[in-house]
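Read through the structures below before going on.
Presented sequentially are two complexes of chain A, the first with chain B as partner and the second with chain C.
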Partner chain A sequence: MSEIKLIFTGPPGAGKTTAIGAISEIPPVSTDVDATDELLSSKDHTTAAMDFGEVTLDDGTKLRLYGTPGQRRFAHMWQILVQGGLGLIILLDNSRPAPLDDLEIYLDNFADFIERTGVVIAVTRADHPDGPPIEDFQDYLEQRGLVYPVLTADIRRETDVLMLLNVLLSNLEFA
Partner chain B sequence: MRPGRQTRMITDAPDTTLTIAFLGLPARDRQLFESFLGILEGRVNLHPRICKPGEPVDVLVVDADVLATGTPQRLPPARTLVCYGDGPSPGGVECVTLARPVRFWDLQTLLASLSGTQEQGSKPVAKPDTRPGRLYDLLSDRDRSAALTIDFREFTLMTDPGRNRYYFPTRLVDLEPICRAPASELQIRPATAAGLGNAARTLQSGPLVRLWWEAAISGSQGKLPAPVTIETPVSLRRWPDLGVLRFRDHYPLLCAQIARRPVSPAAISQRTNVAISDVAAFLSACMFCGYLNIEDARAAHARDGAGRKPADKGLFSRIRRRLGLGSTAAN
Partner chain C sequence: MPETLTLPDDFRRVCEETLTRVMERTQGAYGAVLATIDGHAVLSVTHRDLPSDRIAAMTSSLLALGETIAREAQQRQCKFVIVENSDGYVVTLRITAKLTLSTFSGNEANLGMLLSASRNAAESIGKAIPQRTHPK
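Up next, the complex of A and B:
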């Protein structure tokens, strides 16, 4: 039985676990631990290794959904998780102090994988009063010469998660 | 247009008459075409008419099934080839796709696009544009960086570029009525700071790009944005935020087509099987919102085919089916 992988990444609290849970046909497996340090104010738990979910296609192929640990100290795992991956979804939390810096971190760390495959960038909590407007993310990408899809999304809504996948698949299929 | 291809556009036509021939079309579809062509006579800058035997063919409309099963190289010579209906892309043949059954706006857009191409090489034909203007046309003539008040019947809608928001009354949640309204029902005037402040407090609001996008989609009426013709390569400067627009299934497909390389509207339609009028509306909206680059044809040709390795379309179809995303138009 063959398998393919989709990767969800982004800083802690951006909604990776929620996004995988929205489409997985099995209860998502999360390796959560109690949140410490800077996360204490926003989350009780955080993902220390990875999230995992699964969708079975009609020919038996398993579509595996992997969520990377968000914290940068686990960056060494990111390159392991993307091996053999089909594409990447970056989730950014616009209520964090510097979401554009977060974007830079993930674009840089996954640059090779994105170039080989495809990416969708989703900005959650887009209306947060202290967060930059979506145009700032678009400006940032344009300054770097990148034409990547960047969308506002509410990851708690299954329709929004499916929209991200729709965009990613179109990008992989036709770009 | 790439040299050596079977099709060429009518850049050197000596007059404005456009001869049209059909191949393999069911009688009912052919009747539809003939009926629409009769209506279109005089509405575009060409005089479309059915080709007489032995006459050179400007536009050859071929049923997609004929293209799929036949030998495209043996088609009668024509300046523009139109593939009618959904089907696999004919290998080695460059053509424009028209959705089946043919729609009036699609045909008008196609002929208007051919007309635009022709005018580059011949003197323009002065014909009045009888189509009614809409919000899109009115906004196209104005400085949209200024705050505006738009009156529509009993409603007032305001734009606030400083905050990237528009304000609207609760009852006007759907923007479509105002975007589709004839220009005669709309009045646009500058907004005052006091008016904006009041609107921000009392009305609902949305991202301004949603209004611009919807105005262009509803108001372009399937016409390509000037100066884009059906053969002009275009590319995305930035992706539209599909999360705030009224989502349509073909948007991601069209964005993906032009995200990595420039592609002409004709080729976009051919590759995606999205009707040319929908492609034109999409490109109009991209242009209106500042998301589109117009590329040099030679540079675009050099970059064509610089995409990733061919995708496993069967796999993507299975994923879409399983997640209930529906198939893409090209599948």
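Up next, the complex of A and C:
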């Protein structure tokens, strides 16, 4: 039986903890702490180290799912968590002030890892009236000369999160 | 520093005095960083050029992992984490639900002395927290 390590990242509140919790077969491991800063306006807690969950595919392959903290001050955890990883899912919250800037942050900070592995970009709250349309994310990637899958997802739904994993795994298979 | 934890002058003075006392009375101690539980540096007293912002975030991760490991081991409430290195120690303690203290020393320090000095400092700071800066 093989094992594959995948990593969820993205800004605070994008749903990394929720996504892993939506599909994990084991009780998800979280490292939430009380928020004391501007994040309090949207949530009480934040991930300080990592989230963890597991999913077993039909062929017996075990996916080990790790979620990173979102804030840049926790970048030390980003470097630790990608070690041994085979793919990245960037979750973007389209209700945040500048989702395209968020995308830039995670593409830049995980550039080496993405180059070695693969990435899927998932836009949550995609129909938020103030957020850019999905085409803007694709255009942004194109401007940077990058070709990555961009999907919309409701990460509270198990089927949506599994769909993201399937797209990522398919991409890795054909890379 | 997060706006919600801007320190009143009196409290800041207590913290500075307390951290300075740890440094003066513990052989080998060279730094003390007060931080929020979610990784923002609040105040530091150091004899070396330590990146207190980065350290605050890292110790937040460390304590969060300690708490998670405690839960997995069917224990609760991680009170402190000690990192013992070839040339020194790092002690990180939870002061309250929202504040942490980390102290740093070379290996000439007695770990027990560093830990007790850090715990006493955490207790002093915890008692001095004005209610309005520490909504439980």
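Methods note: the second predicted complex is superposed on the first by the 164 of 175 C-alpha atoms of A that agree within 3 Å, B and C clash if a C-alpha of one lies under 4 Å from a C-alpha of the other, contacts with A are read in each partner's own complex, and residues count from 1 in each chain.
The rule we apply is simple: a residue touches a chain if its C-beta (ideal position, glycine included) is under 8 Å from a C-beta of that chain, and two chains touch if they have at least 3 such contacts.
Not measured: the values here are computed from a predicted model.
Asks: Looking at A:M77 after the superposition, I want to know if it touches chain B, chain C, both of them or none. Which is it: first, second, both, neither?
Replies: In the superposition, A:M77 contacts chain C only.
Asks: Touching A:P69, do we find chain B (first), chain C (second), both, or neither?
Replies: The second partner, chain C, only.
Asks: Let me test your reading of the model: by the given contact rule, A:V29 touches which partner, first (chain B), second (chain C), both or neither?
Replies: second
Asks: Looking at chain A, which partner touches more of its residues: chain C or chain B?
Replies: Between chain B and chain C, B touches the greater number of residues in chain A.
Asks: Taking the superposition as given, does A:V150 touch the first partner, chain B, the second, chain C, both, or neither?
Replies: First partner only.
Asks: Any idea which chain A residues touch chain B in the complex?
Replies: For this pair, the touching residues of chain A are 4, 23, 55-59, 61, 63, 116-118, 122, 126, 133-135, 138, 141-142, 147-153, 160, 162-163, 165-167, 169-175.
Asks: Contact residues on chain A for chain C in the complex?
Replies: Contacts found on chain A: 29-40, 46-50, 69, 71, 73-74, 76-77.
Asks: List the residues on chain C that touch chain A in their complex, please.
Replies: 2-5, 36-40, 53-54, 56-58, 60-65, 67-68, 72, 97-98
Asks: Can you list the residues on chain B that touch chain A in the complex?
Replies: Going through chain B, the ones touching chain A are 164, 207, 235-239, 241-244, 247, 249, 252-253, 255-257, 259-260, 271-272, 307-308, 311, 313, 315-316, 318-325, 328, 330.
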